[in-house]
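You will see subunit A twice below: alongside subunit B first, and alongside subunit C after that.
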Partner chain A sequence: MTITQAVRSSTPSKAVPQRAPRIRTEAKRAPSAYYWMVWPAVIAFAAFHTVPVIVGVFFSFTNYAGYGAWNFVGLSNYVNLFRDDRVLQAYGFSFLFAIVATILTNAFSLAIAMGLNAKIKARNFWRGVYFVPYILAILVIGYVFQFFFSNSLPKILAGVPLFADNILTNETWAWTAIVALAVWQSCAFAIIIYLSGLQTIPAELYEASSLDGASPWRTFRSITFPLIGAFFTINVVLSLKGFLQVFDPIVALTNGGPGTSTESVTLLIFRGGFSGGEFAYQTANAVIFFIVITIVSLFQFRVLQRREADF
Partner chain B sequence: MTSMTNTAPQLENELAATAVRRRRRRKEGDDDTRKTNWWATALIAVCSLTVLIPLYLAVVVALKTPDQLTAGTGFELPNPIRWENFAEAWTRTDFPQALANTAFITVGSVVFTLLTSSVVAYALARNIHRPFFKGVFFYLLAALFIPFPIIMLPLVKQTSILGLDNQVGMILLYTIYGLSLNIFIYTAYIRSIPIELEEAARIDGASTWRVFRSVIFPLLMPMNATVGILTCVWAWNDFIMPLVVLTEPSARTLPLAQYVFQGQFNTDYTVAFASYLMAMAPLLIVYIFSQRWVISGVTRGSIK
Partner chain C sequence: MSKRAESIRRISAVLAVAGVTVALGGCASDSGNGITTLNFFQFKGEALEDFDQMIADFEADNPDIRIVQNQVADADTLIRTLLVKDRVPDIITLNANGNFGRLAEAGVFRDFSDDPVLETINPAVQDILADLGTYGDEVNGLGYVNNANGVIYNTAMFEEQGLEVPETWDEFIAVCDALVDAGITPFYGTLADSWTAMPSWNALGAYPAQDDFFDKMREEGENVGPDSEVSFEKNFVEAMDQQYELFSYMQDGYRGRTYDDGNAAFANGEAAMLLQGIWATNPITQVNPDIEMGIFPYPTTDDPDDRLLVSGVDVVFTMGKDNPKEEAAMRFIDYAFSPDVIEKFAASQNMVPSVKGAELSDDPALQSVKPYFDEGRITGFIDHQVPPSIPLTPTVQEFLFNGDTQSALAALDNEWRKVAARTIPVTTGEER
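Up next, the complex of A and B:
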């Protein structure tokens, strides 16, 4: 090899020195097929999810009624929200409902999951039964519950004034019927998650604790509950987030009534936004609702995970 | 089995083999050596009444005459049985049309979701160390926190402008809105698939698409089951999205069709319940036949 040849081959052709930069660019850029796999989804997602979010946030600063002309009104929608009794009541109802329903759902489904995890007869059959509510439309089953509360219960419990007068028309207690329906359905999925958590606990731990003479309650407190901590976190965060946005059970049972006593934030946004001419105002409400839900979820995650880490 | 002559002994062998296999499987499934817990059995059985009683109520009310219904609490057995309720519900809710709409939307959503979410998740999972793909991953994931009400009102405008306020639009929306959760479910699983499998295919000259189609997608079957079940139940039962997006009455889905019975008070309960049963039945029947498979599928999706 002469010197000139060596010089020539070091210029970009197909010799060794070219290789190093090519590897580096390959590491940076993926094969183009991967980009083709992702881009259509990103564009579709941006068009049908992100654009509506941005449009919504934009209109929340206007007085748009859903039709006709509109003007910018700055933050006045947001300011008015905090002065609106109906909005504050909807938040109050949503939080009361969500907290009670979350506690009940998790208590019941953990208890039932433990029962289903014990050695019982026809275990798979019972597991199948308890999952049935998940596959039924909550709206449709809700009408069945409505009949039960408004027609069957008053006749069965004619002696109890609360139930005899149809609890759904009772301004103070109608929300408990909605809780019953929502818990009835969401237990199904929570049970499955708890069950898969319980199955990760090695049986040896229980053998050891029974040799030590631990009581069932002690076993639950010291072994079962700590070891399914992650599943507890998932269930609590998911159910609170879901219950805050409650919609179908209310439509099926009370439609927000009597009066506005069982009106949730989602129902209020739907009603005011579509038929109340409050498009911009309720969109502002939705923006606030988003912030509230995000804060609540993140806060829960932090608190619950810290508790998990203690073990 | 190639020829007819050795069919019989071979069949016998096969039967014996299945019997052994089945025995072994039953043994494996029954590795639980604890004593049967009768207290727990009883408790679980009693609690399951909370699930079964509403279903029982729906069936008996659907089979009664209005007079029978007003006479009792609703729990009495129907006598005589009135099947006409179903015929009336059939015509009043335009059941075939609503069923066809719901089935079309559900099948379309499941098929499109499985085809698209898995591809996107594959590309993201294999390139998650690259900034672009990581960004996309978190962009899609962040959408899990955005409640539906915030996009509800603008979305209605947008779909009607684009002419997507129909069944096709619903399929598109279910596919897109499911993306966040599905990618979350898929990517974790794809990352557990050894990359050597892909490299072997690549050495044989397969393109990225070919690798996905021939190697990855078949391996994803357990996750496809999970995602398919979740999407199916969601699309079949959803009420709020069809309510706000669909405009034509002929595009009505089953949950929306049940809405017509609201406000037409007590007199219609028997027909309404027949209609509710017909709306619940298809998914319930499918579930009864695929019960164990559904539960194990959902379990895998929810924890990994």
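Up next, the complex of A and C:
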């Protein structure tokens, strides 16, 4: 952004003839060594990232099954998506899940990060402990949690009908178990970001607030939270984006069940596209989902960045 | 300049050497010494050693053929990838599921209709394969061994209680009630694994699905519903209610148990029956080698003679169309289908051989389903007829949790309509 502005501000003085200077600037071009460093990355990125995306968008206009012959079908995949109540249900589930999980993750992480930032005993040990969930493979954890929900909890809480009968098989409440697993795992990363944010706050500000006799709550509201605003923004945007794409916790716990009550958009894309033989149809779904996530993330940035304090 | 040119030359020399090495390595396998190397694509992990033995015996008699077995995980995905890349294996074994049917319909497999080996196979088995899908009137696969999907029961426990194998639905329920009265759990339920809801659904649903039910469903397509000629809502109510009734005889906590839990519990005599198939007998005997068990088909008809055993083709042999090594590959297939070879394989895998006259192992569970194969009273798994984009298994599992027959059947019809509406057939312009 700043670069384009700089260029623009320098050009108006030179007025109309713009083509000629191009040749003259050749001497000032970066040394060729830079090109050798950049080209492999650009080529690899284009080959493994940009081209597949374009190919995917291309196939979303066909009736390709993943193998064999295909034709162009125009926009009918997209039209059918909006008529498919299973797809709409998956979007509903993904958003409900993502919003609840984002709120819980950020509330817990901020609280824990404040604790880990304070002067407590064995601080580094505790910081390590809270980072462990991030290192463990989610599927492994998932199966531990599955055992916990389907075997341990029914025995521990035998008196509560919801848990006594394995919450994972309850179509109304199974999603809360997935939220529990997802929040438990993703807190670790959010804590790290909050911790680094908290460490950027100068100690003098706290000294000043304590001299003024501010209460801890007031200190948090007026100093801590505004000063980690940028970290809050990035955490909320990343969490929501990540939770919208939730996949592994669902596979490990309920596999989308019971019925299709915990089927997220990504799980539906994966299932329908690969084992379901509807490659093109679910590719169209993926394109829509990509657009939705981009819009949601940009919107969040705009809203949240306005609230950040600048220093 | 010269320095740069020098380095480029050096790099290209290295690349050239590497390329030649790769090229030489690539064609080293089939040098002209008269030996044909066949690439054998094999999906069944537990049959790896049986096939190794079979190949070794075959190669001993046929020194001009060498067979390389490639046992793969997730064969359904891999075979599609290979077919797309035109790298079709010389001999293929697959599980005969809906995926096999769709590949066959796409016309990628050889036509076996004129091969003499086809005459030796039980026609009822080939009918199951044909129902999955073929390219025109061709025969695109040879059924090798079959499984049997029925109620597994503990024969010793039945004898102790003086119970007979039930032949009608009322007798079946009477057996369950008698077991409950005797303090025995009739079935061990394992609904934590959603697929364990499917064997009983397939078996009970096989009766309403007779008489080309699924052909008619495909014809109805977008119009499937409670008022159409056939539909799940119209034809499957009784079967689903029966399934739910059976699940009411499960042990406490059956929603949280897994398939493995069920096999162990049955092996230890904690339940009298399992709603599973012959594939479960191996894991059961691993827990308790002394257990005596049999299998009977779900008795839901009024006339005991109308009972049908649901059976799937567990291993199907096929090969790609226009295979240049066809002759050698057929020699191996003919060998595999010779009675003593197939008998040995089927006995080791606890399956039913498809070749007429091949003997079953004397395992009592297998012997109890023998009459159904001999008389051709077998039918295929109906879930292979349901498009895989329909969430069938989760829907049935959910139904068994909440017992809402109407909403489960409506959900299936709704998905069928949507899939039919959005499936746009490929028009290649070729004759078909």
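The criterion applied here is as follows: the second predicted complex is superposed on the first by the 280 of 311 C-alpha atoms of A that agree within 3 Å, B and C clash if a C-alpha of one lies under 4 Å from a C-alpha of the other, contacts with A are read in each partner's own complex, and residues count from 1 in each chain.
Here is the rule we go by: a residue touches a chain if its C-beta (ideal position, glycine included) is under 8 Å from a C-beta of that chain, and two chains touch if they have at least 3 such contacts.
All values derive from a computational prediction rather than experimental measurement.
Judged by the touch definition given at the top, the superposed model places A:Ile269 against subunit B, while subunit C stays out of reach. By the touch criterion stated above, A:Asn151 is placed in contact with subunit B and with subunit C alike. Counted by residues of subunit A touched, the larger count belongs to B, out of subunit B and subunit C.
Once chain A of one complex is fitted onto chain A of the other, the partner contacts of A:Lys121 are limited to subunit B, with no touch recorded for subunit C. In the superposition on chain A, A:Glu171 contacts subunit C only, with no contact to subunit B. By the document's definition of touching, of the two partners only subunit B reaches A:Val251; subunit C does not.
Contacts of A:Gly56 after superposition on the shared chain: subunit B is touched, whereas subunit C is not. Subunit A residues in contact with subunit B (one complex) as well as with subunit C (other complex) are 66, 151, 255, 274.
Interface residues of subunit A facing subunit B in the complex, by the touch rule stated above, are 28-31, 33-35, 37-38, 40-42, 44-45, 48-53, 55-56, 59, 66, 112, 115-116, 118-121, 124, 126-141, 143-145, 147-148, 151-152, 155-156, 184, 189, 192-193, 195-197, 231, 234, 244-245, 247-248, 251, 255, 265-266, 269-270, 273-274, 279, 282-283, 285-287, 289-290, 293-294, 297.
For subunit C in complex with subunit A, the touching residues are 77, 80-81, 83-84, 102, 106, 191-192, 194, 253, 255-256, 387-389, 391, 394-395, 397-398, 401-402, 411, 414-415, 418-419, 421-428. Those residues of subunit A lying in contact with subunit C across their complex are 63, 66-71, 73, 76-77, 80, 83-86, 150-151, 154, 165-166, 168-169, 171, 255-261, 263, 271-272, 274-278, 281. Listed in rising order, the residues of subunit B touching subunit A in the complex are 32, 34-37, 40-41, 43-45, 47-48, 50-52, 54-55, 57-58, 61, 69, 72-75, 116, 119-120, 122-124, 126-127, 130, 132-133, 136, 139-140, 143, 145-158, 172-173, 176-177, 179, 207-209, 212, 233, 236-237, 239-240, 244, 254-255, 258-259, 261-262, 266, 269, 272-273, 276, 279-280, 283-284, 287, 291-292, 294-295, 298-299, 302-303.
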